[in-house]
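We just call them A, B, C, D, E and F in the order they show up, numbering each chain from 1.
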Amino acid sequence: MADLRSFEPGRRVNEQLLVVELDQRSYGEGRDCIILTFGNADGRIASAPFWSERRSAVAGLSRGDPVEVTGEIRMYRARRQLEVWSIRALPREQVEWARLLPSVGDVEPYWRHLDGWRGAIAAPRLRQVLAVFYEDPEFRARFTACPASIAGHHAQLGGLLRHTYEVALIARAIAEVSRADRDLVTAGALLHDIGKLESYTWRTGFAVTDAGSLLGHVVIALLKVARGAERVAGLTEREQLILQHLVASHHGRLELGAPVTPMTLEAEILHFADDASAKSASMADALADAENFVGDDLVSVRALWQLDRRRAYRGVSDWGTADTRK
Amino acid sequence: MADLRSFEPGRRVNEQLLVVELDQRSYGEGRDCIILTFGNADGRIASAPFWSERRSAVAGLSRGDPVEVTGEIRMYRARRQLEVWSIRALPREQVEWARLLPSVGDVEPYWRHLDGWRGAIAAPRLRQVLAVFYEDPEFRARFTACPASIAGHHAQLGGLLRHTYEVALIARAIAEVSRADRDLVTAGALLHDIGKLESYTWRTGFAVTDAGSLLGHVVIALLKVARGAERVAGLTEREQLILQHLVASHHGRLELGAPVTPMTLEAEILHFADDASAKSASMADALADAENFVGDDLVSVRALWQLDRRRAYRGVSDWGTADTRK
Amino acid sequence: MADLRSFEPGRRVNEQLLVVELDQRSYGEGRDCIILTFGNADGRIASAPFWSERRSAVAGLSRGDPVEVTGEIRMYRARRQLEVWSIRALPREQVEWARLLPSVGDVEPYWRHLDGWRGAIAAPRLRQVLAVFYEDPEFRARFTACPASIAGHHAQLGGLLRHTYEVALIARAIAEVSRADRDLVTAGALLHDIGKLESYTWRTGFAVTDAGSLLGHVVIALLKVARGAERVAGLTEREQLILQHLVASHHGRLELGAPVTPMTLEAEILHFADDASAKSASMADALADAENFVGDDLVSVRALWQLDRRRAYRGVSDWGTADTRK
Amino acid sequence: MADLRSFEPGRRVNEQLLVVELDQRSYGEGRDCIILTFGNADGRIASAPFWSERRSAVAGLSRGDPVEVTGEIRMYRARRQLEVWSIRALPREQVEWARLLPSVGDVEPYWRHLDGWRGAIAAPRLRQVLAVFYEDPEFRARFTACPASIAGHHAQLGGLLRHTYEVALIARAIAEVSRADRDLVTAGALLHDIGKLESYTWRTGFAVTDAGSLLGHVVIALLKVARGAERVAGLTEREQLILQHLVASHHGRLELGAPVTPMTLEAEILHFADDASAKSASMADALADAENFVGDDLVSVRALWQLDRRRAYRGVSDWGTADTRK
Amino acid sequence: MADLRSFEPGRRVNEQLLVVELDQRSYGEGRDCIILTFGNADGRIASAPFWSERRSAVAGLSRGDPVEVTGEIRMYRARRQLEVWSIRALPREQVEWARLLPSVGDVEPYWRHLDGWRGAIAAPRLRQVLAVFYEDPEFRARFTACPASIAGHHAQLGGLLRHTYEVALIARAIAEVSRADRDLVTAGALLHDIGKLESYTWRTGFAVTDAGSLLGHVVIALLKVARGAERVAGLTEREQLILQHLVASHHGRLELGAPVTPMTLEAEILHFADDASAKSASMADALADAENFVGDDLVSVRALWQLDRRRAYRGVSDWGTADTRK
Amino acid sequence: MADLRSFEPGRRVNEQLLVVELDQRSYGEGRDCIILTFGNADGRIASAPFWSERRSAVAGLSRGDPVEVTGEIRMYRARRQLEVWSIRALPREQVEWARLLPSVGDVEPYWRHLDGWRGAIAAPRLRQVLAVFYEDPEFRARFTACPASIAGHHAQLGGLLRHTYEVALIARAIAEVSRADRDLVTAGALLHDIGKLESYTWRTGFAVTDAGSLLGHVVIALLKVARGAERVAGLTEREQLILQHLVASHHGRLELGAPVTPMTLEAEILHFADDASAKSASMADALADAENFVGDDLVSVRALWQLDRRRAYRGVSDWGTADTRK
C-alpha cells in the first residue's frame, strides 16, 4: 500500500485508487476541466486537471468508483498532484477494498480485548445476549469493517470496532471508581452502537443508508437487541428493559438524539465513556491535520466544526526532559 | 355516577370512590390528622380530617385503593368536604373502574371514525399493517381505556383513543391542503401513540410503567410496529421504514424526545397534528378549571405549567349576537 | 405562458421574462462575462454568458427588470441555457406581471372558501370587523397578489391568500375537535397575516418593505386592525383585545417574534394552524425540488435551511396497490 | 407618614394602611386564624393573628382594601407585629393613595429633567410628537403615578417616571460617546414605555390590566404612538417608522418580547439604557433588602429571582479613607 | 462512631453531634416548637420537638454548632426521632470533627494512588509544579479534608481527594486509548480543582467562602497555579499556558463556568474525566438514597435536581447467576 | 497620510502600505495570479492582479509585511485598483506603524478623561491600585496602541483606550442614577479589559496571542490585577475580592465567557456599560460601512454577523428642521 502524499515528485505511480471527489470547473468560453480526488487507505491526492481534450478519459466515472491509475507525481503551487496518464474503472468485485478506504489498521487487538472482557462475564443471560451478536460470523464480519461515523470521529474501516473498544475500556475505568456493575457496563458498551452496522455503508466510500437517515442508529440498535433477546431463553422483561435502556439512553441528552436520558448508573457511565471516546478522537484528529494550522502557528487557523466551533492548540513541551538527558 | 362537587351540603353520600391522595398533616404535640382526596369519573373531593381518634378508620389504605364510603357533604371555609362516617376497602375485582377514573365518556364515536377512515384505505399492505393492531380484540380493549398521558392532556380513560381521533382528523385536514398522501397520514396517526398502551397503567389511577420510564412510548411503539410488520406478507423494507419513521419522528424535535426529526411530508403533518391536539386540549382544560382563576378575574391567577408557564384568558363575547335577537 | 426548462434544445424563444439575478464573473486578464438568470411564472433559466464584446447588450439592466428576449435553448454541461440573440427592457406598465412571477394560479377557489366561511359567521360585530377589510376592493386587490413570504413558504403571487385559506381550513378542523369558537378562529385566520400586505412588495420580484423590516408584519397587522376596529360601531374594548390578541400571539413563542404568547384557545389553535400550513408547504416544496436530490438518492443531498437544517426523504410506495390491479 | 418597621415595641399606632396580603391559616380542629399584611408608602408589617373569636373584625376585607387601623407594635419571635385593636374599611375616595403605596417620592426633579431635555429638542416634528403626549395633562397625571412594573424594578408610584428619567440620562451618555442622534435617543426614551400607562393599575396595589396581559406594553405603546402621530402635521412615513421602531425594538431580543430587534443606532442605545436602568435598580433593591441576607453573611442566602437566579454580595470597603482622616 | 438511623427504638444515646438544621415551627397561639436535625459522619436524625417549656434547652445554638447529646431513640409516624434529654454546646477545639461530618473514610488509598502517579512523572518541570503543591504539608492537610462540593457530588470530608483520584484514574484510561500525554493529563487532574481548597469551608458543616462566591474555584485555582509556577525555575511561558489552560477549561463549556473551552487533547480529556466522576457519583448517591423511592417502586418518586431533573431506576438482575449455582 | 479610496483614477501613488491580504487565484492551465490587498490607517485597496510573468515582484511577501509601493490608481469594473509598478518590503523598524493600521486618532482626550476621573478618586487604596497600572509608562505605552478587538468593535490602534473611556463614561452615568459607588465603578472600568494588552498583538495587523487564545483576556486581567494588588500596602482581602469580582464578572453571563456573574451593583453596572460601548460601536460601524448597503436601499443587504445576524437601517430625517430655516 502506498501513501501517495509522501511520494517524491517525478515518481511513477501505478495504483488501485478510489474516486473520492469529482469536481468540474469552468473557466468560461468553453474552457473547463475536471479534477479528480483519489483516495486510498493512506490518504488522498488530487489529479492534475483534465482539460477539454482529455475529458473523455474520465467520462463515465462517478464518486465512489474504484479505478486503476498510471501516472506521475508532480508539484503544482507547493502541493503534490497526480498527473494521470491512463485510468480505467475496475469491476467492483476485483477490488481490494481494504486498500482503498482509511482504516484503523489491524483489528485483532480490539477483538482480543472485546472478546476477553466478554468472556470474563459470569452472569449467564448477560453472556448469552452478547453471544447472540458477537458469535455470529456475519456480525463479526460487518463489525470488522464498519466505520463509527462517515465524516466525524473514527470514520475509518474498523472505526466502530476501535470506538467500541475505547468505550468499553473507559467505561470499565469509570465503573471501577463508582459503584457500578462492570459487566453490565461492558455489555452496554458492546451493544450501544450496533445499529451503525445497518446505518452506514462502506463499500464505495462511507455513506448513510436510508434506514440510518430515517430511524437513526439508536433505534436500529434497539430493534436488533429486541430481536436478539428473543433468542436468549429465560431473559426476563426487566433484563430486556435494562439492556434496552442502556442502548436507548447512550446519547445522554434528548437534544443529542437520545429518546430517553440515563436512569441507571451503568447508563450514565456508558454515555460518558461514549462521549469521551468520540470527542477525544476528534480532538486528536484535528491536532494531527496539518491543514488546520498555518505556518508555525500553534493555534488552528479556524474554528473547527468537528470540535463544536472551537480552535485547537498544538503547542507541546518536554518540560525539561531533554535538559536532564544532556 | 355522581359529581360530588355538585352535591348540596347536608346530602348523604354512599359511593364507590378511589383514594387519589392521602395526606398526613401534623399540628404538633401529637395532634395530627389524615385528609383523603376521593375521586371518581366525574371529579374529586377532599374528606374532612380524620383526627387521631379516628385514624384507625383509614389504616391500611393506600393511594389508588378503591373504597366504599358513607358520609355527608358539608361546607368548610367555602369549600365542600365529605365527612366520612364509614369507609371500607373494596376488592379490586369488584370495582367498576370506569366509574372511578375520569373518562372521555362514550368511545364509540371515536372508534367509528377511526375504523371508517381505516376502512377507506385502499392500499393493501397499508391496510393490513393497521389491521394487525386494530383488529386485535386485546389491542382494542386496551385502547378503549388507555389515557393519553397521566397528568397532562387527555389524562382520562379513553383519552388515547380520543387523542388519536383528533390527531387523525387534524392531520387529514392538513393533508387536504398540502400535497400529502392522506391514507399514509391516517396510518401514522393511528400508529403514532400505540406505545402508550404499554407505557401507562390505568387500573388504580394513572401511572407510568417501568418500560414507559426506561424506553418511552416512542421506542415501545417502534418495537410493536416492527413485530406487527412481520405479520404482513410482502411488506417491503422501504414500507417498513416509512411507517417506522412516522412513529419515530412524531415528537418533531430531538429535545422533545424524537430520536429523529420528520423527513417526509406525512411525518411533518403528523407532528403538527399531534401537537395541535395535545396543546389545544391542555388550553381548553386550563380554561375550564375554575381553580385557575380568582373571583371575576379574566386572566388566570398564575402561570400554568401545562401551558409552558403561560397564563390563560377566559374573557368571551357574543359580538352583538344577543342584541340582534332582541 | 411557457416553462422554459421543458423546452427542447434548439427551440427558438421569444418571451417576456424577469431579470431575477445578474451575475458578473471574471476570469482574469480582462476576460469576464455576465450571466443573467431569467424567470417567469413557471420557473427560471440561466442565459449563456455575455462575454466582453456583447456586454453592451445587457448594459443598464438591473435585478427586477422586465425584458423581452429572443434566442434559442441550448444544452451546456447537461443543463439548459438560453442563448440570447436580442434583449430589450420593457416599460414596467406594459408588462403582464402575473406571467413573470411564480404564482399559486387561480385564486378564485381560495376567495370562495374564505368568503363562504366569513359569510357563515352570525355574530354581527365579528362579521363587521372582517367586512372592513374583506369588502374593501383595494384590500382584495392586494391580497389577490401578495406572497406569504419572499423566499420561504408560499413565496408566490397569491401565496398569502392560499396560506390564509389553508390556515383557516386547518384551524377550523382543530376547533372541531376542541371546545373552541369556530367563528372566532376563522376571524383570527383571516386577520393574522394582513400585515404582510404592507410588509412585502411583489411588483419587481419579491422584497421586504422598510416597514416590514422595521416593524414586522405582526405589528403592522395590529395597527391595521386597530384602525379597522374604529369603523365598527359598538365594538367593545374586550372584543378588540380578543381580536388583537389573536393577531399578536399567532407566532406562538416570543423567540419567533410574537410580542405575547397565546392565552386563549382560539389563539392557540390559530398558532398551530399557521405553523402547520407554513411548514408542510416548505416540506412539500423541498421534496418537489429536484435540485435537492442527487441521482436516484432518496435522501436529500444536504440539510435544507427551509426545514431548519433537516434532510428530506422522497421514497414512496403504492403499498401493493398495483399488484391488486393486475 | 410612618415607617411602621421602625416603631418601638409598645408604641401606639393609628394609621391609614393598605391590606396587601390576607392569609388564612388553619391549625386543625377549627382553630384557624387570619394574618393580614399591611402596607403603606414606607413599607410593610404583619398583623398579629386574628383567632376565631376575632375573625369577624376582618370579615369582608379583601386584598387591596384601604383601612384605618388602631393598635400597638409588639415583638413576636424577633419580628415586629401590629396587634390590631380596631380596624375599619375606608371609602376609596377618602384615601390618600400616595401614602399607602411605595413611591419614588418627589417626582418634580424627574419631570424637570425630562421636560428640560424635551425642550432642548430643536427638530420641529420630533418635538411635536413628544408634545402630543407630554403636554397632555391626563397623560402627565397618569405618568406621575404609574409604576414601571408590578413586582420587579421600580415597582413604586412614580416608578415609570423615574425609570424613564434614568433611561434618558443613560441613553444620552451612550449617545455622547457614539455617533448617535441624541435628540432621537431622548425621544425614544420618553416614548418607549408609555404603553405601561394602560398595562398597569395602581389604585389598589399594583396589578396588570387585561390589555397589559393580552397585548403587552410594547404593543400598547405602538398603538398609542400611531394615534399620536396622526396629530402631528407633516410627519412623514419614514419618521413614523423610525419612532415606532424605537418603541418596537426596545426589549432588544425576540425572546424578551421585542417583535423586532434594533436596526438603528438609536434603537440599540435605547435598549441598553433600558436594560441598565432596570437591572441596576433590581440589584440595588436586592442589596438593600435585609431579608436576602442572614446574620452577618455578605452573600445573599439564596439565588434571587429578580437577578435571574444570581446571588448578591453586600461587602463594602472604604479603601482606607477612614485611616487618612485620622 | 454510630449511624443513629440504625439504632433500635428505645436505645439510649450519648453522642457528639453537629447541629445541621434548626427549624422553628409555629402552631399559633404561642404554641411553637423547635426541631433540630443532628448529623454525624454516618447520617442525620431529627430531634423530637422542643416545645415552649423546653426551648431554653436549645437557646443559643446555631446551625453548625457541635453539641453533646444524651437521649433516646423513639419512633414517630414510622420514622426514628432522637428524644433529647440533655444537650450542651461543645467548645470547637474539643471536637473530633471527622466524626461529625460525612466523610469518604480512609483517605490513604487515594493519597497512595495520587502520589504514585505523580512520582512516575519523569518530566522535571511538570514534576516540580506538582511538588510545589503536593509536597506542601498545609496543602495536604487541607486536601485531606476538603469536600468536592457542598451539597452535590462528593460532598464529604475528603471528597475532593477522592474526586481527584477518580478524575485522574478515568483521565489516564482515556489517555490510554487516545494519543494524549498521560503525564500531562495526570497533572491536569491533580491541579484542576485545587481552587476548591479556598472556595469551601468544612469546619462547621460545608459552606462556600466569599472568595468562592465572588471568583469561583476555577479562577482561584488559576491564581494559585500562577503563584506556584513562580517557584519552579525555568518553567517556560508556554508551559505555564498549557497548565493554566488545563485548569481554565476543565468545565468544558462557557455556560458551565469555563472562561475558555478545551483546545488541547489533554484539556478535552480532563473535562470528560471530571464530568464522568461527578455525574456517576451523583447517580450512585441518588440510587443509594432510599428517600428517593416509594415502597417497592423501581423508578424514583420524583425528578432529581442533582441529576438535572432526571429520574433514577434501581432495578437490578443477577442475569441467572443464582440459577447456575443451584 | 492618504485615503487611497478617494484618489482619482490616473493619480500616481508612492506610499508605505501594509500587506493585509494576499490572495492567490488560479484560472487553470498555468494561468494564475496574485492579488494583494493593501491597507493603511485610512482604509484598504486591492492591487491589480500580478500575472505569472510578474509574480516574482511579490515573491517572499507575507500577510502583515510593510511595503513601499509605487503605482497608479485605475478603475476596474467600477472599483478602484492600485496598479503596482514597483513594490519592496520595508525593514520593520523603519516603518511608521501608526500610519499603516486603522486608528482612533488622537488619544490625548481619552487619557485626559481617564486620568481626570482617576485623579478624583479620594479613597487611598483604590487610587493606589489604579496607579500601579496607570502610572506605569510601559502600561501606558501599550494601552495607547492596543485595539479592543481584532475584527469587531474598536478594532483600531487606540481602540482599547477609547473603549475604556466610553465604558467609564457610561458606567458613571448609570452610577449617577442608581445607588452605586461611582469611584469603584470607575476603577472597574479602568481595569476590566487590561488583559487585552497581552491578548492581542498589533504590530503587523491585529492578531490574538497564544495566551489570549488559551486563557482569554478575562483570566489574564485577573492574573495582572492579582500581581498588581501585591504592590498596594494594606489592601485587604475583601478589597481584592471586590476588584477581582469586577473584572471576573464583566462579561455578565457565563455563556459569554464570564467565570462568574455580577453579584455587586458596581459589577452589574460595569457589565452593562461594557456591552453598551461595544454594541453601539458595532452598530455605528455597520451603518457607516457602505459595503453593507446596495444602491439607495435603507436596509442592509444582509444580516450582519457583528450585529448578531441583525440587519441595519440607515434612514434618517431632519424632522422638519430644514423647513423651519427657510
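Basically, contacts are C-beta pairs under 8 Å (C-beta built on N, C-alpha and C of every residue); 3 or more make two chains touch, one makes a residue touch a chain.
Please read these numbers as outputs of a predicted model, since none were measured by experiment.
> Under the touch criterion given at the top, what is the topological distance in steps from chain C to chain E?
Between chain C and chain E, the shortest chain-hopping route counts 2.
> Among all the other chains, which ones are in touch with both chain C and chain D?
Of all the chains present, those in contact with both chain C and chain D are B, F.
> Interface overlap for chain B and chain E, more than half of numbers shared or less than half: same or different?
Since fewer than half of the residue numbers are used by both chains, the interface counts as different.
> Roughly how many whole angstrom separate the Cα centroids of chain D and chain E?
43
> For chain A and chain D, what's the span in angstrom between their mean Cα positions?
60
> Which chain F residues sit where two or more other chains touch them?
27, 210, 213-214, 238, 241-242, 245, 263, 299, 311, 313, 315
> Can you identify all of the chain pairs that touch?
A-B, A-C, A-E, A-F, B-C, B-D, B-E, C-D, C-F, D-E, D-F, E-F
> Which positions of chain F touch chain D when the two form their complex?
Chain F residues touching chain D: 122-127, 165-166, 169-170, 172-174, 176-181, 234, 236, 238-239, 241-242, 245, 261-265, 268-269, 272-273, 275-277, 279-281, 283-284, 287-288, 299, 310-313, 315-321, 323-324.
> Any idea which chain B residues touch chain A in the complex?
So the residues of chain B touching chain A come out as 210-211, 213-216, 218-219, 222-223, 226, 237-238, 241-242, 244-245, 248, 254-260, 263.
> Which of the residues in chain D end up touching chain B in this complex?
Touching chain B: residues 24, 26-29, 32, 208, 210, 213-214 of chain D.
> Can you list the chain B residues touching chain D in their complex?
These residues of chain B touch chain D: 25, 27, 31, 33, 49, 51, 77, 298-299, 311, 313, 315.
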